[in-house]
Amino acid sequence: MKQLLDTETPSREELERILDTTEAMLEISQRDIKKVPTLRGRTVINMFLEPSTRTRVSFEIAAKRLSADAINVTASGSSLSKAETLSDMARNLSAMQADVLVVRDRNAGVPAMLARHLSIPVINAGDGNHEHPTQALLDAFTIRQAFGNIEGRVVSIIGDVAHSRVARSNIHALTKLGAEVRIAGPPTMIPVGVEQFGVKPCTSIDEALDGAHVVMMLRIQMERLEGALFPSVREYASTWGLSRERLRLARPDAVVLHPGPVNRGVEIQSEVADAEPSRILDQVTNGVATRMAVLYLLTGDSQ
Amino acid sequence: MKQLLDTETPSREELERILDTTEAMLEISQRDIKKVPTLRGRTVINMFLEPSTRTRVSFEIAAKRLSADAINVTASGSSLSKAETLSDMARNLSAMQADVLVVRDRNAGVPAMLARHLSIPVINAGDGNHEHPTQALLDAFTIRQAFGNIEGRVVSIIGDVAHSRVARSNIHALTKLGAEVRIAGPPTMIPVGVEQFGVKPCTSIDEALDGAHVVMMLRIQMERLEGALFPSVREYASTWGLSRERLRLARPDAVVLHPGPVNRGVEIQSEVADAEPSRILDQVTNGVATRMAVLYLLTGDSQ
Amino acid sequence: MKQLLDTETPSREELERILDTTEAMLEISQRDIKKVPTLRGRTVINMFLEPSTRTRVSFEIAAKRLSADAINVTASGSSLSKAETLSDMARNLSAMQADVLVVRDRNAGVPAMLARHLSIPVINAGDGNHEHPTQALLDAFTIRQAFGNIEGRVVSIIGDVAHSRVARSNIHALTKLGAEVRIAGPPTMIPVGVEQFGVKPCTSIDEALDGAHVVMMLRIQMERLEGALFPSVREYASTWGLSRERLRLARPDAVVLHPGPVNRGVEIQSEVADAEPSRILDQVTNGVATRMAVLYLLTGDSQ
């Protein structure tokens, strides 16, 4: 692997190799001294052109636990404005002998565009509505952690699938890894022709939950979408939100995932988000290990 | 100690233990190679939601001199907006196996609220008008450095005591450490019933200075307060400002402190701020050592 | 050397010592593990009060490759506003036992002002229209790399010389190092009396290019200057821009430099910027090595 731009391109074996490496990295994160010299002398550029705290911090911690030098670049305080300047900027960072470029951008395709201009690996940390591959990998890892494997597990992704890079990356990753993926949400939030991706659309949350191993709730972009794609937050919560009662439709050993940040009382009730069988904080913990694995495989592997 | 949310809660022994540890840390800061491996592999999150340079840099340098990984989180470029999201964010950072959370916020009580949600130590780096405990500790350390001890020293805190988290933390710390604390300022800036904290209110700066070992001038929030709490800057400077002449009322070996940044010519004349017996830059130097001590005691001590 | 505020002050020997040290630093940057313990325990403050990404990242990478602790300070999120506060801030950072202060500011003279207040070395990372000495040093290094020496090389600096701190620093450095420096640009962009600096003004780009070893194109501040100093971008590009055709006027072994970011199609055509004999990305690579050299010579040398 030379890039991680999406989960659509890598083979099942490549995805599994990342998950296996994540296992080893998680062990490092749980040591008393959570640091190994693996990427000492490597330079990781975290270029977050869309505001972000969680994902940026997760990548920064991952780089530092591997002893890499992590350099943050944000849109504010920079001279970036146009796409052309952006690729020049990336070429410059690469010319400073950076070893890997982590990029988040509001616009789909920016990481792939930069990858075409650069000789160093590029990791997509979220690009518009396109993909967010490390999120899907940490989700897959969390599922494997809960059940021992992914093959045959029923994963229901519920919410605004059409506008979610998290959903898109998960659909590619989880179907490839052998899960049975269902999707559910208001019709305005389900992509037309989604069956072609090997997932099963459901017309109600109850249908999606029935017998599911994994319930993955998506974040609703409330500010942006209320009125446009659904009538009201209250209506959304009652029709598509996850309550403790509804969760009983899933398997008794089902787990709940959410990419965060959670809209409590909207797509998920607090009582579900904060207690068993929620794996939301495990996802965050696993996120650091997943990013350590990806940084290691893309930059440290060849030595 | 599991937290440093204020100076009101810790016992005298706990405060003295921090001061003693600061002594050792100061020695490290004066070596040619100002770095020890004590907190290697530890992750320190500096979450400064109120703009700050000095205190953030002081904590960041402190963490790095102990070989910890320091991660900065600011309000700009983050998705933080509401208190609820804030505690979710903190829980996320904690789930990334951070070892300590340093927090500054405009709102009093935010560090305590986060501490209730987290299993990792929280350090208050200033919360609204409430407390700024590391500032009081560095002030206490600077006094001990100047006089050998704190017990029985007369410390006059002059200015806007009512709206100052620095004053509040110092009152708790210094009275507990045995100092005789006086306060003085315009009546609008002195909290009602302040005597109950064991301090002596003075009605003029001259009364406060008379025989004082330590003159601690507070910063006036000029932009916010002119007209509201005092008639004019000129009036304030002449009634409550510290000039070289006025300083003669204090003991011959008195020292001058100020938490910075200084409003020159307002609460203090430049000639006083920049020369003997000002300890303002010593306070800054001691601030790094104090924060090293607190980080060490809260995160490194148990190993 | 105790400061690097400009290239006007240092002697030829001092400049050459930096270039020689850069050679060694470049070698480190090309190792598999690009890190040496030289400045371990040293604290480098990068105080970029004017928005910047490239130069800040270059200094940050340089510091980290030498194992120094790098602390970033920007204008946003800080309490800085007035020049007086600025020098207080710098004195504070110095009191935290920082070892060197790197400063960029919109205003000419700020680094020199701070240097007068501080006992630690100050490096000017660009101040208004005044100087940008590390840029000139990396340019000189790139020229030496291309030709083996600088003495006698013909360097043509083309564009808005009057408003360019890059041009000013290069004129001082390159004339001192023995180059023959020509300048060319619209009359509104050429300083009156520029001959006194030992450079030769040319009245056309063709005259400047004729027989040149080095063609250094300057960035046009389009937003700021269109209409004020030149009639139109199109007009500027055709009269003063560098095309492949025009470049043939220079020597067959000529190289092209640009400080970046490039305005493609304005001062330089993409086909010239992106291919031989452009050295633009080498400049970026050499920039890190140059900054490592300067940091080392100013802070590590005495040990």
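Read from first to last, the chains carry the letters A, B and C; within each, the first residue is number 1.
Note that contacts are C-beta pairs under 8 Å (C-beta built on N, C-alpha and C of every residue); 3 or more make two chains touch, one makes a residue touch a chain.
Worth saying up front: this structure is predicted, and the values here are computed from it rather than measured.
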Copies subunit A and subunit B touch via same or different residues, half shared test: different
Rotation in the CA alignment of subunit B with subunit C, degrees, nearest 5: 120
Interchain centroid distance [CA atoms averaged], subunit A/subunit B, Å: 40
In subunit B, residues with contacts to at least two other chains: 76
Residue numbers on subunit A that touch subunit C, as the complex places them: 40-43, 45, 69, 71, 73, 76-80, 84-85, 88-89, 91-93, 95-98, 303
Touching residues on subunit B, where the partner in the complex is subunit C: 29-35, 48, 51-54, 57-58, 60-61, 64-65, 74-76, 260-262, 264, 281-282, 284-285, 287-288
